[in-house]
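Dropping the structures in below, format is structure tokens.
Next come two complexes, and both contain chain A; in the first it sits with chain B, in the second with chain C.
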Partner chain A sequence: METYLQFMLLGLGSGVIFAGLALGLVLTYRASGVVNFAHGAIAMYSTYIFSSLVDDGQYPIPPLPNLLSMIEAVLGWFGIQVDLPDIPPFVQLGDPWSWPMALIGALATAGLLGFLFHYLVFRPLRYQPPLSKVVASVGLMLMLQAAIVVRFSNRPRNVAGLLPQDGVDVLGTTVPADRFYLLAAILVATALLYLVFQRTKFGIKTRAAAENEQFATLLGISADRIAAVNWILAGILAGLVGILAAPITGLNPLNMTLFIIPALGAALVARFQSFWIAVWVGLAIGAGQSLLQIMEIRLPWIPDINLSQGLPLVVIAVAMMARGQVLPSRGAIERGRLPMALPTRIRPRLMTFWILFAAAILIWAPFVWRQATINTLIGAVLALSLIVVTGFSGHISLAQLSLAGIAAFMLSSLATDAGWPFPLAPIFAALVATGFGIVIGVPALRVRGASLAIITLAAGVAIEVFLFKSDGWFAGDSTRHVADPSLFGIEFGPNSPFFFGDGKVPSPAFGLFVLFMFTLAFVAVIRLRQSMLGEQMLALRANERAAAAAGVNVTSIKLAAFGIASFLAGIGGTLTAYKFGTFNMASFGVLGSLSVFAFSYLGGIATVSGSLYAGSLFPESIGTLAFEKLFFPLGRYEAYLAGLFLIVTTLVQPEGIDVFDRRERRRIGWGFVLLWRKATGNPDRTKPDWVERIYPEPKHKKGMRPSPPATVDAATTHEDGGS
Partner chain B sequence: MSERVLTIEEMAAGYDNVAVVRDVTMHVDRGEVVALLGPNGAGKTTTLGAISGIVRLFGGSINILGQDVPKLRSAYLVGQWGVVHVPEKRGLFFQLTVEENLKLAPRLESGNTDEAYELFPALKALRNRMAGTLSGGEQQMLALGRGLLAQPDLLMVDEMSLGLAPVIYEELMPLVRKVADETNAAVLLVEQHTDLALAQADRAYVLSHGDLVLQGKASDLLRDRHLIDEAYLGAEALDQDPAVAGSPAADEAEAPGE
Partner chain C sequence: MKKIAQLRWLAILAVFALLVAACSSSDGDGGSEDTSASETTATTVAAKDPIRVPAINQEDGVTAFPDEGLAVKAIFDWYNAQGGLDGHPLEFDLCTAGDDPESTQSCAQAIANDDSATFVHSIMVPNSATLFDVMANAEKPILAHNQFDIPDALQPDVYASDPGLLPMATTLMLYTLEDLGLRNIGVVVSDDEVGRGTGDFLGFLVEEYGGTPTIITYDASVADLLPVFSAADLDAIDGIIFVPTSVEDCGPASQALKSLSFDKPILGGDACTAQTYVDSGNVDGWIFVVGTTLLIDGDAGRDQTIAIFDEYGGPPIGGLVAPASMGAYFVIDVLEAAYEAAGNDITAMTEDLIREAALGYTGPLTLGPEVFGCPGVDPFVGLCNTSATVVQLEGDTFNLLTDWYVVDVEPYAALLEG
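Then we have the complex of A and B:
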């Protein structure tokens, strides 16, 4: 019995991190209505700063785009070798710092991060729908995490402990004293926050602004300034929690970033409102995980399957199913709209041209380009899956790559172990992924927006720890082999012989197979967009209640969206597995899912052709290969840049590259048309109708508008996301 | 001669790129109650929004106590110049208590909310209730009470009668008159309830479809009710009546207080 108690008390260490992060999550949500997925990353980042200052007296400079290296590369094209200065990775600030100074330095950084998040990202996004905010905070999470990997690598780092660790005897067991100091600290912090929010004028103003920003403005309260102060507070809190608890949990770029998941669970139970509930639940999750760990070891009847890792998912799922739409909405005006889902059609000649072009590259181009094309196409299939679920039906799913992983695993079991023939094995594997996807989609029946992002993220983690990890249900220690696909005696795997070419892996035969599969998926998604089902998904995305009122069966459409998306993800997973010839869980991790989401959003989440842009952003794809050939190798910067571009995209071009490209192309094209008409003396022909549609009227400048009396009310100018 | 608190000249304002009101010129003096009337969608609320800086100004000027409004931050406008805007939905925070709502009054440095309770004794018993649980009349009292705690130089009340029983707004409306008389504030009252507003007001402006179509002394307008009806229905021949419409002479006739 003592052992169990001891483990529960030990678990308070991680519990304090969850509780502290949950506290910060509640704070930022109440201050600005943002669910900050990057909150754990702030803690991680500041802890690295602290550790670097204490150990080496160095302050890491975040990786910045260095235009000079771009110039170096461009000059390199002309054979000119120059060596322009690089931005140094660290600033040396004297000898290793004493810990109080380092703590101040790190917390200042954390506060600054909080402020910058608010000022540069979430303030500009304040009128945008929740999707944009989730995307931006996922981008921040990726970016901070990648920044630390670039600077400090992936290795775990030892952090100097600030709290005494000598044992304390409690109820017959011995527990390190730091657990109790941490517990006391977090409870004091909670009490302070609670008092500030209940008693001080600042607290009342924060609550007022959360309820209705416009009314607050009328009273001279700047919701913006209040949010900024709270963001700074939350940042500092995250930094403090990370630094104090790092000796207990260990520090690497990933673990503290992902502590956000149990913290999100705790914050959800607290409905992102109550500080106390968030903290108690956070502590309970920590203690419960620790308890489950020892029970798995001690009690033979408990299966040894990392149950403790699943606890956050259970908490999140129960909280959501029990409370439905748990996030209270914020009284802010929502003017932004979702990315435009442009109508689409199949253009046979254009498609034939590109297919032949891709086939030509696959057959004749050098090996690196062949490989890049294959990666691009597989990436595009994965992006198509997100286009269906997020772009069309408006549900954020952060678990798509995990679903792809399930299909990849099933493929290795079915095709290699059980010897199923080719078309059956991958189809069945994708169907299994579909099943899992529909299960993940069930919470979507009750929750939307940020809440759904949270639960899918937790599901992705659960799939990783339960199924893929070395002692999980699926993977096992050995690498799982995946046999090359073949049909009627013709092999088309990466190692298959091809009548032409250099004979390197992957073979052109596999490339053509991937091209075929991609084309099928692409046409299928275009058909979906044109179909009634696609229209209903868009209706759902625009306004769920209105869609339901108009006779759309919300439940079945949602599940259909998740099902179709998961099937596509499954196809993407089987293609990945074929490509490697093995099932390797490292290719299907949670961060991978986030990156896939990022790339898909960047490429254009709501248009089918956006998938090709998305595919070109994947690692080792055509786009990245071209960039590396032209400028400099991306290497570890890839994830960092992806995060950065994701944030920039949400801010300046929320529609993604595809819509931007189409619009600009048409604008340029329209310019040529006008020139030509001028030249031929016929300038006054009316514009074709798509000009109005694609290229709306420019914003009206200062001065009065000579129009008939307008009776438009503010409320009716809100546009929905449909097209 | 009393001080001119609000001066609007040739103002155009609206949302996104649609001007909702055009070419509005009006003014409000200290101790004066001015009613802004008009049918649905005339632009009354937009006008108030432009004055308190939450609606975009396209052209013209708004001047409060010698300060150009578009140049001021709204926090400054409220805190420094005592512009209080009680919006259509009363601007209360339903999840805060009555007391907390009152404490948010701008320019209330002391945090002493007793004055509001003196004016509206009914609120005293409710001070720890959530504002969302109050009745419509009580909410309007709270909104007015909070506005008065700020000791406004300019008080703007949007649709006070909205959603209230006649017996309640008939009781509340005279309070606005009282405020203007006692605190010497300038009061701008937006109402759909024409007679009620005119009974309390010194002067009135009538907006229709974003244009100022009629202005004059409240007593004149009450006497010639048909002018307002025609303005509501969009009759355009009103400019010819020198007694009330448009002409600067009628406009300048000063009559604060009765």
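Then we have the complex of A and C:
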């Protein structure tokens, strides 16, 4: 027993990190209703600043717009080479800084980041549904991570320990003193926050603003200012945790970002409300992981399925089952709406044109464009899965790429190991992914919004930890193979011969196969949007209770949405497997799921044609290739710009590129019509049908929001607001 | 509405400005530039036609090896400045991949489909399965591939200068058991495919040479390695062999072991020799297995390479920069041999000639061990270098501890079949 107690104590190192991050997450949520997925990234970013100041006396400047460079580029198009000043990547601030000064500098940066995140991103999004906030915070996470990669590369950095690391003997084991100091710091911070929120005017105002923003405003409380102060505090807290914990964890762009998952679990148990519960659960997760470490060694009956890694997911699952609607809604003045799911229909002539156009590219274009088209189409299939589950039914799923991975590895097991023929193997593999998808969808029966995002993210991690890293059908940790698909003796894989073309890889035959599969998926999703099932999904998205009252079977519709989306993700996974031939888990990681979600949102998550824009944003797709051909190789800037685009899109064009494109086409087209009528003396002001088809006129009056301005009561509405 | 529209366009303008800024930034790390060595050495090299060196390196994304690419480029620049290959500059044509397999596949396809590319210089490509798949179909040899795991050593048509896991692990084991006389060895590996395979292999070796292994696995995503080491009963262990999943793990591991006052020998792979760790003192006293003289202080080749890096913008020489640099020297050696075999005609340097030059190459490998030869022993056909040695870091000096071990990897074939 003493040994187990010792190991619980040894888990203090991990526990204080999870607890510290969870504390910041709760603070941010209470301040502004945002589940900040970028919280760990703030910790990481501040720690790099600290390290850079201590080691080199340099302060990194994130990649920023340089208007002088624009002048250089424009002049360069005309052959005029000028060398105007660049923004330096680092500012040299004298000799290496002493650690107290560096700590102040790094924490000031963390606070500033919190302030900027609030004022530039989350304040403008305060009336938007959780989807927008989740996407924006994912964008910030990607951007901060990429900024560090751009500036510091991956050269390991050593972070000097600020806390004494002498061993302290407790319960017969030696624990470094820094864990206790860090614990003390976290507990003091928690106590202070508790007292501030319970006893001070500021805390009471924060709570009032969270309870009912409208009434708080009437009482003269500035919810904005209060939220800003809390964001600054949360940023400083993140920075402090990152810097103090760096000697324990090491410093790289990835680990702090990943620690957010157990921290989210702790915050979820605390319903993003109680500082103390979040901290204790964070500590318990650390202790539990450490305990499982020794139990897995000492107790042979414990299955070797990476239980210690899976503990945070168990915590999240238990919290979800025990509490149901885990995140309390905030009383906001009004809510924005989810992106419009524009009506759509199959236009055979237009579709035939585009299919032939894509086929021509796949056959005759240079191989780089062929490969980019294939990547785009596979990305579009994955995006279609999110369009169904998030765009139509309103559920955030961050596990779609993991589901695709299940299908890919199942395909390898069936086709390569068991010898199943095409198309049985890929269809069955996609069906298996569907089964897992429906299981992941079960929590959606009770929770929505950011809670569901956390749960599905945890499900993605669970799939990785328990399935991909284990032996068996879904093993993805080892290299898996799948042969080129063939039917009736005709091969159509990436290396298959094709009777026409340049003979280079990938084969046009594979491209045409992917195009065929995408077309099937695209048409199926359009049909779904037009069908009664699609209408019911949208009704559910708009107002679950109203839909139920209208006779919609909420349970079956939700599970159907997850099932259909998972089947599409499975198809995407099998296509990915065929594309590589030899593949492993690297193609289906959890962070990849976040990127797929982000790209799908950018493209237009509620419109079927948005899938093509989304596909064009995937790595090595048509969009990125065209950009690189026209401008410059994106390289390490790709993730940075993707994060930036995501944030900008969330702020200024939340309905995605597709709707932006439609709206601008409508505006320009209608402008031309008016000009033509004016020139020809035609006084007619009625819009032609084709204008309305591009983008239907919004039903609400100009300048007014479509959703009714009303105080949202947590007891009577769900988290997502209306459509 | 008008304000929103203006905001929208302002945002788009700002993003565009950022793109252009990123493009024209002079900070030297702006994306995957086409780092052509011929550009940088055009003034110093004779005007003969260049010889293309198509290369792949994982430089973009979170897991990246930009320093290794810089090192290779600096060596080619230096070589060209010396006159190149009989007056032909080596045109270093680098395709940079991210950590997504798609970008590795695109780079590989570009080289596979390029008729003028007769081989690929693989610098650091962890997504090797994708690379192998494409290059095997194109039937083009892969030179200097840094081997991350055992399957890499089994891949045909790969000619590696770095000894990789099999010889290095054996060397480490022989040194640990025979020279240091340790018996109870803790083998610390990451809990993933590469780590588990390495752990199994090292465990087998320890037993084979009469020792007792304790395999300690850790997950790369854990926050603290202290419980991992504590669970291992360090009192019963005579020494630890630490094989990190990534370079960043060396720091936390050293901190955890210090916290536990572990004062027995710690042995590790060359990844932990990165300059950061040397400077920090965290790995002071550690013993490292190395496959190149570049990590041995006092070696003339090391001094020469450091001088090259100083002049041509190379990185610090520690960590994986050293095997990557040896790879560049190896490629130069193979190209010189192929050029000679082609009758000093670069147009005759076909895939087959490059392959033959690599296959017939017996060394001595520049800056490597004395014994070298391709192909490797079946089935490890790509394993040309089976030699390694060990160094110990004392202060900031890597001291050679023993002679080079020449490892016979043939018995491992039976192990694989088992």
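To be clear about the criterion, the second predicted complex is superposed on the first by the 644 of 723 C-alpha atoms of A that agree within 3 Å, B and C clash if a C-alpha of one lies under 4 Å from a C-alpha of the other, contacts with A are read in each partner's own complex, and residues count from 1 in each chain.
Please note the rule applied: a residue touches a chain if its C-beta (ideal position, glycine included) is under 8 Å from a C-beta of that chain, and two chains touch if they have at least 3 such contacts.
Note that this is a predicted model, so its numbers are computed, not measured.
Touching more residues of chain A than its counterpart among chain B and chain C is C. Shared-chain residue A:S222: touches chain B; no touch with chain C. Of the two partner chains, neither chain B nor chain C is touched by A:M532.
In the superposition on chain A, contact is made by A:N212 with chain B only, not with chain C. Using the contact criterion defined above for the overlaid structures, shared-chain residue A:I17 touches chain C, although it does not reach chain B. By the touch criterion defined above, A:S587 lies against chain C but remains apart from chain B after alignment on the C-alpha atoms of chain A. 702-703 are the residues of chain A that lie in the contact sets of both chain B and chain C, per the superposition on chain A.
Chain contact summary for the complex, chain A toward chain C: residues 6-7, 10-11, 13-14, 17-18, 63-67, 69-70, 72-73, 86-89, 145, 149-151, 153-159, 161, 165, 167, 173-176, 245, 247-255, 258-259, 286, 289-290, 293-294, 297, 306, 308-309, 367-368, 371, 375, 469, 477-479, 495, 504-506, 579-584, 586-587, 592, 618-620, 631-641, 644-645, 648, 651-653, 702-703. If you check the complex, the residues on chain B that touch chain A are 12, 14-20, 22-23, 41, 52, 54, 58-59, 73-79, 85, 87, 91-96, 100, 103-106, 111, 146, 209-211.
By the touch rule above, chain C contacts chain A in their complex via residues 1, 4, 7-8, 11-12, 14-27, 29-34, 59-67, 96, 98-103, 105-106, 109-110, 112-113, 127, 129-130, 132-134, 137-138, 151, 191-193, 196, 219, 221-224, 226-228, 230-231, 246-252, 255, 258-261, 274, 276-277, 279-280, 282, 315. Here chain A touches chain B in the complex through residues 201, 204-205, 207-208, 211-212, 214-222, 697, 699-700, 702-705, 707, 709-714, 717, going by the rule given at the top.
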